[in-house]
Amino acid sequence: MVGGPPPKIKEVCYSPASMPFDTAARILSHDALNSDHFLLTLDAPRMARASRPGQFVMLQAQPGRDPLLRRPMSVCGVAGSPPRRLQILYKVTGHGTRLLSRQPRGATLAMLGPLGNGFRLPARASRAAARRPDATRPRQILVAGGVGIAIFPFVAEALQRLGHRPLLLFGARSARDLVGLPLFGRGRVDVKFATEDGSRGTRGYVTSLLEPLLAAPGPRPSLYVCGPTPMLRAVGDQAQKAGVPCQLALESQMPCGIGVCLGCVVAASDPNAVPPYPRVCTEGPVFEAGSVRP
Amino acid sequence: MKKKPAPVDMRVTLGPLTLKNPVIAASGTFGYGTELQPYFDLEAIGGFVSKGLSLKPRRGNAPTRTCETAAGMLNAIGLANVGVEAFLSDKLPALRGKDTVVIANVFGETKDEYVAVARRLNGAQGLHAIELNLSCPNTERGGLAFGVSPVLIREVVAEVRRAAPDLPLLVKLTPNITAIGEAARAAADAGADILSLVNTFLGLAVDLERRRPVLDNVVGGLSGPAIKPLALYMVHKVYAATRLPIVGMGGIASAEDALEFLVAGSGAVQVGTANFYDPRAPLTVAEGMEAWCRARGIPRVQDLTGTLRLPNAREQETTAG
Amino acid sequence: MKKKPAPVDMRVTLGPLTLKNPVIAASGTFGYGTELQPYFDLEAIGGFVSKGLSLKPRRGNAPTRTCETAAGMLNAIGLANVGVEAFLSDKLPALRGKDTVVIANVFGETKDEYVAVARRLNGAQGLHAIELNLSCPNTERGGLAFGVSPVLIREVVAEVRRAAPDLPLLVKLTPNITAIGEAARAAADAGADILSLVNTFLGLAVDLERRRPVLDNVVGGLSGPAIKPLALYMVHKVYAATRLPIVGMGGIASAEDALEFLVAGSGAVQVGTANFYDPRAPLTVAEGMEAWCRARGIPRVQDLTGTLRLPNAREQETTAG
Amino acid sequence: MVGGPPPKIKEVCYSPASMPFDTAARILSHDALNSDHFLLTLDAPRMARASRPGQFVMLQAQPGRDPLLRRPMSVCGVAGSPPRRLQILYKVTGHGTRLLSRQPRGATLAMLGPLGNGFRLPARASRAAARRPDATRPRQILVAGGVGIAIFPFVAEALQRLGHRPLLLFGARSARDLVGLPLFGRGRVDVKFATEDGSRGTRGYVTSLLEPLLAAPGPRPSLYVCGPTPMLRAVGDQAQKAGVPCQLALESQMPCGIGVCLGCVVAASDPNAVPPYPRVCTEGPVFEAGSVRP
């Protein structure tokens, strides 16, 4: 489980003060990033203000009963100051997301959130530290697989506000799946790519990008990981071998998103842990690598 | 048909139990009663039923535990729960003094476990009733659910009745049975105060690419709007079979749904799966029922129970395709 | 996982019956076989089942006969049909020479009626099989459906078997029963060649404003996507209970749906309610199944039947809420 | 049942040649006529050409499985020459029409048709006859109740092409429900109103508008009726008493619309009629008054 965040971080990271709530959000824009990836911008001031990096919402895909259940979607980013708009980046993977992708600008969808614990963020870097070259400071590494990228623009922004310059390792099947990069703001993150077909960056998996970085001397980096389950396992193992702090953002089937159905659980690594089956929606979606078996 | 708005008496009395309104949050869909506080005040609804409680804590099934289906969902949570002791020490106190009816859902893998849990709950402060979940597999009889055998129903209900004499006893019937009327009569004969129905229908989901069941437990229970017509039919049958008050459920998501269950014979209703996709569902249903009655000048919601008018005697026990 | 496209053998053999592909149009949803000609050619699918046939013509129930529900519909048509004589003289000739399997759905209100209809059909030119609809109310036993009693199933199936010795015999099971495995074994013992399941589930719809059942028949049969997980479960059960080939159905609307039924144990499938909202559904399903197999290099669709891998022995006969 | 139409009428009225078919139609426009009445214009060239007055289509209300079944909707009119656009006028009465009313311009909906028999239309009026004052010719009277108006713009246009000037008797709850009049083309029909609250035209029902017309001397008028079932019964009885030809367009629950489910039937007046329960979708939706019991 994610250890309780140190006080200093509270206000930027997960704030228990922000109770989740249910709202009807209007679609401000809905853009196709490629044939099956979409960027959805919703008008949801309260939700945008309350959300923290790594948290998610339960979003209705279309009015009516099809699909019956809402879909969990990470908060990709918030815009406006104070924040008014909430962004969601999603991939069409089935029935619900296909219907969602047809929702026009102006339509309103029920949305519940913000939900889940979100990522534990590091302490604010002191002015002095912030001026020092990144190499001499614990590197904040974002590891994204496929549409797992959706969770990171919001995380990167928070890290930047904390005086860090995150490094993004982005793996996908091929170049066309490397979507969402403009959301990171130009020149404020370093990015390395890995594609299975080699169409961009290294041929292979993100793990091969990560390997040398974990081996390299200097302060231990800190990992934030989101992507398909096999990738979460692989990166989690790498990080533990290297003794590097690593937070995994999990996915699971989520009927309710609010902790009452017990449907979304993941097995704790220690069978005697309490609870033995933490809920991804409530104890997660972010877990320390090693604490659970994705 | 509209009369001028008049206050509606939303109270309903089911045998020994009186609710401020007919809406109860269903077992397994409302946690232990406090989880949905952010969305509405528990005191706004008639009552709630806890997650099923066993003698010892249960971890439940391994994931995958749920799967969405057309207008419904399958679940095989595996009756994960904190156990009756933790419920009494950690969960129940948070509910004491709340002006709503608190019902503990009880199950066991053996008759003795049912009895032990019920005995432990008997007299617990702040607990108003227990609901027996008969859909639990009977490990002594090859895992067949207690609820499919009138004989077993009689046995377990009679003994639980003795073990928890002070608590109103709801007996929750399984729908996976040829003649639910017989199960209802068995429960009635054995001393049930109230019948609640339906629990979920046995179903299977197939992971086509991997040629595997989606659920780790292979089979699961179907719930949600998809089952509403099946549940209404069973309430109708049970209403004809016994004179016990009925708590009806199965796919209720709106005030109209709930009112249909009343007309079919329910004295109160439970809202389950709808809580997952609309955390305010029980409140919306309760408020909507009152508004519906007011708009039609119906003074007491209770008066709707069992008002279904059958056009002709020749109701057929068939699908009559 | 993909291999380079190779032709897929879509033929399936179920006991005495061989179909060009596994898709059959279900009884009561495809008229007498010619009504959907404007939308696709009957020869493109494995076969079709006629509307249920009785000895004499039946007018059926008064309206209202149907009602939509969440992802499903209730029907109480009342088995309206032209009768076996008119079927033979007016309907069957139009189908002769069509390169597809023609199946007559048969029912009766008494055992004798089942037998008489079957005898009349035996040897009819252009008819390839009969399907016994056991969901019909038995007027000699207080209107309870034949299909809920293994004893009655044995009797009626055995006699029909004798009455129509030349025709492959499909026996269509009702799902409104506690243990469908027993019904399946009864039909198998009595000489069924193939089991088809499921027929519709008993349900009720309430007209709230009028406090009346929506259907003139009060109860009706639920069909459509809503019942798919229930039907898949029953196919899975029957596949484990007997070795007879199975024709599975219940909510099938896509190739994936149909393939799931194959994996669960069906040798072929029927498409019913989907014909109402997509008159090309059987064709779409058949073509989609072939495309799916080709994309995965599966040479024979038949090989998918019963390939469901059970992860663990401890499958539970419970909803395991 | 509707008697076989005389050959002369065939080409304008119901032509058995036009087989129904299934198509995906794009929404060209979707306008609210008032809070619960909408006018839908679909891009459907083949369907528009094939449709005849009184026929209907089975229209999907929204993509996906909710609602499961398509909804029967009369062809309100066709536009363009040759016809390309098909119009539907509908009222939100429940779950499906509510979802339909949210479908945006540009969305495509599955549509099946044209279905049903349509109205039997009179013979073309001879040049001479067409010049004679209407009073001296059988009057073509359209009787509409509420949203039943939807079926008549198409009928009126056909009658006009046949050299008739129809009279529309339009009844509704109140003035706000008297929608769709612009669709009739100005000055080409005579219109009389009846509203239950008297907010426009006579206070009461259309039957009271019809009564004097049936009593009046001169050639027997011919009635085309569409509206709520009680109105169909009342007008049908009036017409039969007066011995006036009267065609009723019925409604019923229609799962399939193509004659296979036997769900949409209506009882024939003569219990020995064949069939005893004609299908509204196939033998209808238009029936001679007296032939069935709506």
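Per-chain numbering from 1; labels A, B, C and D assigned in written order.
We take it that a contact is a pair of C-beta atoms (placed from the backbone, for glycine too) under 8 Å apart; a residue touches a chain by one contact, two chains touch by 3 or more.
All figures in this text were calculated on a predicted structure; none of them were measured in a lab.
Looking at the partners of chain C and chain D together, the chains they share are A, B. Chain geometry summary: the mean Cα position of chain B and that of chain D are 47 Å apart. Chain B and chain C have Cα centroids lying 33 Å from one another. Chain A and chain B have Cα centroids lying 37 Å from one another. Looking at chain C, residues 28, 70-72, 75, 77, 224-225 sit in touch with two or more other chains.
Contacts with at least two other chains are made by residues 65-67 of chain A. Shown here, the protein chains touch in all possible pairs. For chain C in complex with chain D, the touching residues are 28-31, 35-36, 38-39, 51, 59-60, 62-68, 70-73, 75, 77, 80, 224-225, 253, 273, 275-280. Here chain D touches chain C in the complex through residues 19-22, 60, 65-70, 110, 112, 252-253, 255-256, 258-267, 275-277, going by the rule given at the top. Those residues of chain C that touch chain B in the shared complex are 27-28, 52, 61, 69-72, 74-79, 133, 135-137, 142-145, 148, 174, 176-178, 199-206, 208, 210-213, 216-222, 224-230, 232-233, 236, 251, 256, 259-260, 263-264, 307-312, 315-321. Across the complex, chain B is touched by residues 65-66 of chain D. Taken in their complex, chain C has these residues touching chain A: 70-71.
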